[in-house]
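What follows is a set of structures to go through.
In what follows, chain A forms one complex with chain B and a second complex with chain C.
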Partner chain A sequence: MATATSDVTQAVHRVPPAPGKAAAGRTPRRRKNLTPWAFLSPTVLLMLVLMLVPIVMVIVYSLKNNVIMTRKSEIIGLGNYGEILTDPIFLKALMNTVIFTVTSVVAHLVLGLTFAMMLNSPLLSNATRAVFRVIYFLPWLFTVAVIAVLWRLILSPNGVLNYILQQWGLISEKVEWLSSPSTALIAVTFINIWAGYPFYMVSLLAGLQGIPRDLYEAARVDGATARQQFFNVTIPQLRPIIISMAMLDVIWTSQQFALIWMTTGGGPGTSTEMLSTYTYKLAFSEYEFSLASTSAVIVFLLSMVLAFWYARHQKARD
Partner chain B sequence: MSKGARMRRSVSVISAAVLALGLAACGGGSDSAAPAGSGSAAASGDQVTLEFAQWWEPELPANALRGMMDEFEKQNPNIKVKLISGPYSSTKEQVIAGAAAGTMSDVVGLDGAWVADFVKQGSIADLSKLMADAGYDDSQLASQVQLEGSTYMIPVVNFVYPMFTNTDLLTKAGVSTAPTTRTEFADAAAKVSALGGDTKGWVLPLSLEAPNGVQNDVMSWVWASGGSMLKDGKPAVTDADVTGAVDYVKSLWDAKVIAPGSFTMKEQDKVEEFTNGRVGMMIDSLAHVNQIREKNPNLNFDISAIPATDGYSGKRGIPYASWGIGVAENSEHKAEAFKLVQFLMSKDVNSQLSSVAKAFPGNKESVPDYVQSDALMKKAFDIYQSGYPANEFVGLPAAEDLMRTFDTELQAVLSGDESTTDGLQKVQQAWSEKF
Partner chain C sequence: MTTITSTAPSGGGVRQNRPASHWPAKIALLAGLTVGALFAGLPVLWMLSNSFKSNTEIFSLPPSLITDSFSFSAYTSILTDSTKLRFFLNSYVIALSVTALTLLVSLLAAYAFSRYEFRGKKALSVLIVSVQAIPPITLLVPYFGLMVVLKLYNTYPGLILTYMVFTLPYAIIMMTGYFNTLPKELDEAVRVDGGGPLVALFRVLVPISIPGIISVSVYTFMISWNEFLFALTLTKTEDMRTVPVGIQLLMGQHSYEWNEMMAMSVLGSIPVLLLFLIFQRYFIGGMTSGSVKS
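Coming up: the complex of A and B.
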């Protein structure tokens, strides 16, 4: 029986199709296969032109010498990488970037969570909560240029901060917050913290409002204190949001350029030099586009590590 | 045709259109109908649109530059000019990026400090050739920026940097005349600083973001005494001229007569400090005279030559910056582009431009209006004529980087982190590598 069926099937398959039917049968299938590509093609093309091509170009530039500024450039392998990685200013920029990023991200998280919990507190009336929401959210509304100008005015030696501190008797001489090598990095980090915490605050507030009240009620029934509820209910519930935002913030903050450039220019000396300002100076001050590309590729690779870790974390969570 | 089939067909058509548009955009195009490489499309009657990228329009009164372009278009009916205006810093980045991509505007505003790099890059055209092709008489030009015997930039107007003094503040401090020597300057700065409050004698912007303070506020002391930072075209920053100037600035710094915040202060901050009456003296561009008058009409200020070393009696170099002009090597309409250069350098137009810009003309025969009507500008013109324009950064490779390197070391010297000798030796080494 089985043999007979097999023979019949083979016989059916051996029957040659009518000429017209073959073309008619394949065309709809091919069209069906191509339709998704037709939909995707604009996006694929844009991604190729706007993302893949520039990335490949920068990687190729990093392996050549004298790109852009001369017509003849040659492949020199990893020479540029050796030069950049042994440059003491690059290492200083890397260290400053790590300090700036880690401090900013931790402070963003702590401040964001603190303000989010305040705004989520049932102790506040709706009107009070709305007012504080607006106030706390304000820094997020300013562009980097406005933030830089604002804080340059506040932190200027003749600015508001020194005036207040002198009036309160906390300082006897004016402090050059952005112009002194001992305070410049602290000052720009502070500005970045001020500018970035509302993003955490809003996201965490949304997360807090999504935590089921039952969990807190159950915890209270079990005799959990407020501190225990925070560490055993709130934090575990917010963990996916916290990890996602922290990862994004690390990537964004490590690439911060405009704020540093517009407040200190990487100075005084190299005290606020970051990987971004270092790369910019190589390109647009020294016209060393090969070395600038190399520096950019190194930053890209460091960001890729973080992005990869982030993607894996997201996948595991899904 | 079914509804689904019609939809699929529509999507396919739209996708194809998007692709075609994208490819067309990538391919670029010219507004002109002239074929690539044509010598003079305008001469053959075709319409040509020139792009003119510069930072001048935002710094001029409203519509001043556009009005001149309208006049040019009237005189040359086949040529239209599209102004691409932006701030100084972004203009420079656009020009560099445009040169790399081969999309540089036909005519570009240039700073002398950029020229060597653009010539090395092969992005700006040899103006000597264009002048010869056009039969242009260059004897009327006040100056030309040349490399290896060829002109690449023509200064359209020049801004000089004399010393500005707050007359009321100096008088209050017991200084009756503007200082003419370094000793007098230090003495005046100390007396003004002694007035107390936020008042300081001098303001020195050393921001690393825009390090032109090195050129205008530091190296100006060298040039004012007839000194130089170069020897035979090579760096010589460890010589007595530069060492003396840095030691002098350091002495003013240590005496606490310089306004605080120098290390992040930019040129605009310097002008604000002076305009608000917080500093007695500054070295600044004449371009800011109008701005100071508008912002603080009650400020009683004067200008004079930058003080020289004691006993110096020679001609004083006075720093200057130019609004220079050049033509892109990739321009398909170089002949038309040079017509625009010619127009801006012509006697009447150059007089008009220098008048509205409060600058000195790039055409020797041009006379700006303000020389007759403004006593302060007349005085500046006299200072300019009695000295000589000095800016040794013009034509140097990576000039802005040279300034930034000097700036970084100067900050270390002023902070006391290193000696003048060590700092200048580092600068000498870094500069030598660039030449």
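Coming up: the complex of A and C.
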């Protein structure tokens, strides 16, 4: 490391006062055009084989019947799409995904902002802030498998949550949070909220620290209350971060598979079925690979619409 | 705890309010922070606590965070079980390989993006960014088919290559952004002296990019360590399963051995927790800039 650093400093000293394009101009034009592609070749190869090819494959699969399971598959046009889009379970999965995603994203935002605001308070010493920041960030560090087992234990009928709620008189009898149709969707959404807010919190905290103090000073001079400062200074300043984070979160949350699979498996019945679990089951429980591909393509198209919005918003910011 | 009280009065330098008015606000704030910390931290403590209990004590009433019959038996039963140790070995092999390879490939790509102008640069970078929005579930069926055809089904390379597709875009974006902040004169000087671009990259740029490299590595390791969907579908035999899939399998097999499940969860979380605690600064910084900029 030490030698490397001294190399750097030497290199800096050797730079002539007028650098710029002169150095780059020395390399022959042909070589200059090929070198970057040599550097990019592993990336391009990987993306070609494991991104473009699979996407073409899944689209082709979705237009055929009996793929993977037999050799006698043939193009059947859009028939699979008709079948999926009229499947009541697909529509239920779509509905559940929307509810799960919207609720999670809103709650992530509210919790993330609340925690970020508390952590940003000038009343805290740096040490206190650091300790709480680590605790608040904890949920984000656990793999979904761990989060799933942990909450299955907490939410089990004989689990600690039911005990506490009964002690406080909030429920009269034990609730089967994850295995009763009326509470399962709420339960998995809650778990997802617990697991996902830290990402917002960190970004919003950085955003809060970037807001110029004079804006608050000016607002105070004008007699703004804390509430007015929040809505007229803090929120408008954080707006770009909030919108980016919310869009990213919509893309991620709507694709959540592992958490659902390991807590409820989409059940009971179809009460927590999501687009991801629905697609997975078509492929690996029912071996309907053509229909699974069709569902996967629909999920893909929906995500592309979201990604397009996200990209357009990012562009507008630049 | 004493530090909080002693620094508070002098900490008022930022806002020139009357010091006396701080106290009610501060107590309210600490109360709020504590409620939040219980929400975030209690489930984690519950996991830790139950990993040291016996199975019967886990559901005993009233529940207690500190157990009377503290025991390591859940841990020893995992650490002496070759099947479970194999899950850990697999996870380490895969996550470390993905991290090393992603780093190497992304450094090369980022160098090209940051230091060269070439036809198709814009299109390629848009493509790489948009890959991040492709739902994993969309790729599941074709990957299953492709891995069988390529004879990579149920192998390490199959999972390693799969994970790289998901970790590379972020790594490339991060490293390109990082290189862009370093003056071009640094590596151009090496080129003027006759060193090739590889020398410029690895002798000059890499040593001063350590914070960026750490942030990318931690992120990549974490994604690969935690991945579940492809680990579940692209492996078949028990000796190829990773920790997350192992946890799920145990849950299905003997769902009543909660102490072992909790111990497994604790052990499975330690690598990421350690990485985070050690590299917190780089990691959070990288994560924020990545999410806000990209």
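Just so we're on the same page, the second predicted complex is superposed on the first by the 289 of 318 C-alpha atoms of A that agree within 3 Å, B and C clash if a C-alpha of one lies under 4 Å from a C-alpha of the other, contacts with A are read in each partner's own complex, and residues count from 1 in each chain.
One rule holds for everything that comes next: contacts are C-beta pairs under 8 Å (C-beta built on N, C-alpha and C of every residue); 3 or more make two chains touch, one makes a residue touch a chain.
If you're wondering where the values come from, they're calculated on a predicted model, not measured in any experiment.
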{"item": "First (chain B), second (chain C), both or neither touched by A:48", "value": "neither"}
{"item": "Which of chain B and chain C A:127 touches, first, second, both or neither", "value": "second"}
{"item": "Touched partner set for A:304, first chain B, second chain C, both or neither", "value": "second"}
{"item": "Chain B versus chain C as contact partner of A:203, first or second or both or neither", "value": "second"}
{"item": "First, second, both or neither for A:267, with chain B first and chain C second", "value": "first"}
{"item": "Touching partner for A:69 - first (chain B), second (chain C), both, neither", "value": "first"}
{"item": "Partner contacting more residues of chain A (chain B vs chain C)", "value": "C"}
{"item": "Touched partner set for A:139, first chain B, second chain C, both or neither", "value": "second"}
{"item": "Touched partner set for A:158, first chain B, second chain C, both or neither", "value": "both"}
{"item": "Partner chain in contact with A:284 - chain B first, chain C second, else both or neither", "value": "both"}
{"item": "Residues of chain A at both interfaces, chain B in one complex, chain C in the other", "value": "35, 39, 42, 46, 68, 152, 158, 261-262, 284, 289"}
{"item": "Chain A partner contacts - residues on chain B that touch it in the complex", "value": "8, 11-12, 15, 18-19, 22, 26, 92-93, 96, 100, 117, 120-122, 198, 207-210, 259-265, 278, 398, 400-401, 404, 407-408, 411-412, 415, 417"}
{"item": "Chain A to chain B touching residues, read off their complex", "value": "31, 35, 38-39, 41-42, 45-46, 49, 68-71, 152, 156-158, 174, 176, 178-181, 184, 261-270, 281, 284-287, 289"}
{"item": "In the complex, chain C residues that touch chain A", "value": "3-4, 7-8, 11-12, 14-15, 22, 25-26, 29, 32-33, 36-37, 39-41, 43-44, 46-47, 50, 58-59, 61-63, 105-106, 108-109, 111-113, 116, 118-119, 121, 124, 127-131, 133-146, 161-162, 164-165, 168, 172, 184-193, 197, 203-204, 207-208, 222, 225-226, 228-229, 233, 243-245, 247-248, 251, 258, 261-262, 265, 268-269, 272-273, 276-277, 280, 284, 287-288, 291-292, 294"}
{"item": "Chain A to chain C touching residues, read off their complex", "value": "1, 4-5, 7-8, 11-12, 14-15, 19, 23-24, 26-27, 32-33, 35-37, 39-40, 42-44, 46-47, 50-51, 53-55, 57-58, 61, 67-68, 114-115, 118-119, 121-125, 127-128, 132, 134-139, 141-146, 148-154, 158-160, 163, 194, 198-199, 202-203, 206-207, 213, 241, 244-245, 248, 251, 254-255, 257-258, 261-262, 275-276, 279-280, 283-284, 289, 292-293, 296-297, 299-300, 303-304, 306-307, 310-311, 314"}
